[in-house]
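Pasting the structures here.
What follows is chain A paired twice: with chain B in the first complex and chain C in the second.
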Partner chain A sequence: MQKSGLLPELTPRHREAFVGYLFILPTYVGFTIFILYPLIESVRISFQEFSLLRGSTYIGFDNYVQMFADARLRIAYVNTIIFTLFAVFFNAGIGLILAVMLNRRLPVLMRNLYRSIFFFPVLIAHTYIAVIWRFLYHYDTGVVNYYLGVFGVEPIPWLSNAHWAMAAIIILDVWKNTGFAMLVFLAGLQSIPNEYYEAAQLDGANERQLFFRITIPMLSPTIFFILVIFMIGALQVFDTIIVLTQGGPGDATRSVVLYVYEIAFRTFNMGYAAAVSMTLFAIILMLTALQFWISRRWVHYE
Partner chain B sequence: MSKNLSRRDFLKYTGMGSAAAFAAAYGMPLGTALAQAPPGDTAGHLVIYNFGGAEQQRMFANAIARFNERYPNVVVEDLYIPWPEGWGHYITNMKLRAASGLKTDIIAIAIEGTREMIFEDLVLPMDDVIATDAELAAIVDEVEPVLHDGLKGPDGQTYFFTREWNNMIIHYNPVKFEEAGLDPPAVDWTWEDFLETCLTLTHGEGADKQFGFSIPWFNFGLTPWWHTNGTATLTEDWSQSNLDDPLMLESVKFVHSLVHEHGVSPAVEGISMTDHFMAGTTAMTGAGRWPFDTYVTTDWRTVDITPWPRKRAGTTVFGSGGWAVSKTAENVPLALELIKDLAAFETDLEAVAVGTSLPARRSATENEIFNSFPANAHHFFGSLEDIKPVPSPANFAEYEAIFMRHMSQIMANTVTAEQGLEAAHIELTAAMDKLAERLAG
Partner chain C sequence: MATIEANASRQANQTRGKSRKPINIGDIISYTILTIAAILVMMPLAWMFSTSLRPAQESYHLPPAWLPTDFRWENYIAPFESSVPFVDLFINSMRITVAVTLGQLVTCSLAGYAFARLRFPGRDLLFLLLLGSLMVPFQVTIIPIFLLMRDLGLIDNPLAIILPGLISAFGVFLMRQFFKQMPQELFDAARVDGAGHVRSFLQIALPLAGPAMATLAIITFNATWNAYFLPLVFLNSWHKMTLPQGIALLTGYMGSGNPSVVMAAVTMAIIPVLIVFIALQRWIIEALTRSGLKG
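Then we have the complex of A and B:
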């Protein structure tokens, strides 16, 4: 057998595997440098009273014990859970509704136009969004309250009331991100073969039956993907909150990640911030694993 | 020997005479100290850790160009951070540079971050240097003492050369006053006069609503309400919470009443006070000189300034920024030469034209550009007669976050002023105790 000069001793199968590993090597190098190493460092720092310039001291589980007495952290977790439940539900729900509407027999131009309009907020930087939405939400001079007033509704303290501030953040988050869900759902819908619908219609299935018996099961992998992605993103919510309410009023909209940021960069308590981050990491890991486990019962792959 | 010495050369050679003392102070080799005013053909690389807006960046680029005329072989790298998102983050990045072994020669920082910089041993003390360098001494002498002292460390040492400053002053719309039949505010007006004025200026409904005053909703912007009532959030030495002072409660209640009792101010959350003021939604607001670059850029001239209304005192607040030599500077004398250009009179003159902040020197404001707009521009430096620096302890970011978080609850009516200040006092006291432990090592 003639031997290749570059990989002389390898069988074709091993050579193919070797080339494959070479292709994924950059990703693994990036993952190791930018994710794995910082993660390991965070674990190490979480057991320290950490100082960048004055040296660090090992303090065992003190940072983790401190969390049990931290009332503000509890509030941040409750806020994060509330946000996650509503943001995931509405982002996925509205995204699905928009996708189904766009998947109907619309002229291509109209479909592309609507798709662009719904997706556009995803592309806008949070800084601009903050400026616009703070104007929209302002109690006295905001556009939202102005139009509510036109319909006889009393002005709503969107940003200065603990409950309304969380609602304001969820609305903004859904406005900004549901376009992404819509786009993914639309791709999923367009990949469902028409034959299924035609066969069902021949058997006399109505629109509702088509949706729940064909569309939803066939779309279940996409729905699962969106739920996982949006849940992970929502549990790490930061930018939507910092640009709109900075966690206020008080701690009413403070999320866990925003709290971690403040502990790390305002009180410079990096050790405690790392410990809180570890708990969030563990929670996200567990919830994602749970989702995958449950998905076996309702996600259908062809 | 006959040689014509320039003023700069004269100062340079007299300064070199004391270089040995400088060397002793910092444990430097004598040769390094003798190079305190390095020769013009010195080669090197200086790194500035800097902040501000684009206009300021151009202003400092001009200062660096002047430096390069004297030192053409020195490359200056200006690490410019456009208006950092909080001084905590800015300082952390600076610490990361130091911890990573990346050198920085000159550090720019606002007063809010100076104590943290000093505590973390990131900047060099300058008293001995100023004593031996007539040019630096002259720079210090030309700056108003209250501004220079505000940037000193808790040990009374000078670490920073004043870069710029801002006070809090009332911006008002003269046209709105005229329409309401009001005279411009008197310089010694009181809180009661202010409230009466606000009530007169507040009218209309819905989209036509006009408010008297837009509350500057940030720690620095609120501080004049405490100072003009003879109190502050922290004790005089910035070591403990002063939020249990009954005068603080009185002041906070007054601010709260502007929105919730008298309705003369719009809700504080989500407001852009400058935008509302320029749009005519509010007839007055409070700010420093920083909105003037927007006023000038948009050619909006219906604004004048007047001192903050007083209750028990006429004291307002200032915040300033400074230049310091970093502990990691490799060539301290060269860095000092660059600071001389960065803090030069020419830079101050440019600052006047740019309009973002007030220059360090009063003398730079004695010209038509500064005094033609606003009409009462003299109030900016006039406020220095009765002014205090914004409390800036070494845990400033934490202190500010605690106070503003509780203030937001008070202004949202989630808690009463009494409850909010009591909770804030407890939390701030714990934070200041922890700081004291940290400072004690």
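Then we have the complex of A and C:
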């Protein structure tokens, strides 16, 4: 157990370095095999006409050029962007509203109860939730249309109409994930020092001013964090869609990741799939960079 | 947590301090919205559970009965007798999840400790490189990993999912944060007593790292238990699949499966999550909040 016994020839500094490298070795072996190598390999494959049987040939930028003419890819991107904008907006917005309300004067027991209820769906697999909601969204026998009918709304073809299918996926996503935004916002709200509110109240600030002049600026790092992780998550939407609509009707809910999955593992056109995945990777990288750059300018850090 | 709660209620009291009345219009609006939201969140789960106990033909009755009207526990046996090998799926999911969770606890605590408390050339660069991998989406690396697994003959083998899951940049980050916060005096004292680095790790750092290890275990367990994409890519024969795959298939094309049986299966798949959540909920919430805020 004591390394010093095994390595008598090393100085203490070298021994420390040796143990350090030894400790990160398992992680770095895995990192190299399952992240670094596949990432580089993916770039290489994206320049190939790839065939599982006949071997691959380099075709330069052909895969990338092909994307510009690919109408289905364009649809998949439009769908993904629409989904991302709505999902991020509602997840963050509703999460913030719930957190602000939970942060009011509530008995601790009530706060914890509400918080647990809102949070629980976050822990359930997208797959199971999509399976449940597929029944709820049913046109004739679904619970959703029944209750809308009670309020006089005509039955909605949730999963068979192009626009409603996207709405169905967004609603499901918000139902599942807004609890996570709520949780993080609540923690952010609770970490704002009281002194700020006390000082502002002494100066005669009203509640609206307290909210917009103190709460929101102080919460901006949290808001920023939620926006970034929800956006990155939403751009990769897959599980819900493949279970709920399988990209349909037509291509109405086909996301970029679902499209990549289908090209790669159903038609085995891996070169093109790798090229498409590179575009998504580039977008996610740029988004992260842009968000961090913007955050430096407007986010309030203590 | 207790201090956060106290802090919050103090702040809430103080924010609302001007209104002398115990109940005001803002409180009523808050309670109403929170309650409506809570009902909306619970309804699909209530429907799932009550449907799982009804005869199939009644699952389409409208208005739906939110509470169980019947107690057909045989619906819970049906998945085991269906064409889907439910027991196998459960065991497969459990095996993969436990292996990945244990593996990450080992690799992440080791690497986290090294990055936090040991000095070696290139340490910060290696850590940054690892952190950068958090930005690499799984669908970018999946194609080469698939080809690699195919060459290794691991398609339709749980190892194809377990092996890439054994490491986690997020887990290393989490453990590193925790080890960094430990007081240096602990380690100095151990050094004086003649403990080497390995012994300091095993006998001092690790026993104190319970909360961080538990956080990582919960997050990894849940994520792996719920994973769908990797199993979908790698596992294709019935008796090798995981639970989410099996339940998606049990539902049948366009939801043609018997709703009562499907909901019984989903309920059984969710119950482990629910039990863990109820048992450890304060703790899970605190852990996820902390990891989220620092992520």
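Methods note: the second predicted complex is superposed on the first by the 265 of 302 C-alpha atoms of A that agree within 3 Å, B and C clash if a C-alpha of one lies under 4 Å from a C-alpha of the other, contacts with A are read in each partner's own complex, and residues count from 1 in each chain.
What we mean here is this: a residue touches a chain if its C-beta (ideal position, glycine included) is under 8 Å from a C-beta of that chain, and two chains touch if they have at least 3 such contacts.
What you are looking at is a predicted structure, and each value in this text was computed from that prediction instead of being measured.
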Clash or fit (per the criteria above) of chain B with chain C on chain A: clash
First, second, both or neither for A:249, with chain B first and chain C second: first
Chain B versus chain C as contact partner of A:203, first or second or both or neither: neither
Touching partner for A:15 - first (chain B), second (chain C), both, neither: second
Comparison of chain B and chain C by chain A residues contacted: C
Chain B versus chain C as contact partner of A:31, first or second or both or neither: second
Contacts of A:195 with chain B and chain C, given as first, second, both or neither: neither
Touching partner for A:154 - first (chain B), second (chain C), both, neither: neither
Chain C clash site on chain B (candidates 19-27, 91-99, 109-117 or 145-153): 91-99
Residues of chain A contacting chain B in one complex and chain C in the other: 131, 134-135, 138, 141, 146, 264-265
Contact footprint of chain B on chain A as seen in their complex: 52-54, 131, 134-135, 137-142, 146, 149, 157-162, 244-245, 247-252, 262, 264-268
Contact set on chain C toward chain A in their complex: 4-5, 7-16, 18, 26-27, 30, 33-34, 37-38, 40-45, 47-48, 51, 59-60, 62-64, 106-108, 110-111, 113-115, 118-121, 123, 126, 130, 133, 135-148, 163-164, 166-167, 169, 172, 195-199, 201-202, 222, 225-229, 232-233, 244-245, 247-248, 251, 255, 259, 262-263, 266, 269-270, 273-274, 277, 281-282, 284-285, 288-290, 292-293, 295
Interfacial residue positions of chain B with respect to chain A in the complex: 86, 88-89, 92, 95-96, 98-99, 120-122, 206-207, 209, 211, 266-272, 276, 281, 395, 397-398, 401, 405-406, 408-409, 411-415, 431
Chain C contact footprint on chain A (complex, rising order): 1-4, 13, 15-21, 23-24, 26-28, 30-31, 33-39, 41-42, 45, 94, 97-98, 101-106, 108, 112, 114-121, 123-136, 138, 141, 143, 146, 175, 179-180, 183-184, 186-192, 194, 197-198, 201, 207, 210, 222, 225, 229, 232, 235-236, 238-239, 242-243, 257, 260-261, 264-265, 270, 273-274, 277-278, 280-281, 284-285, 288
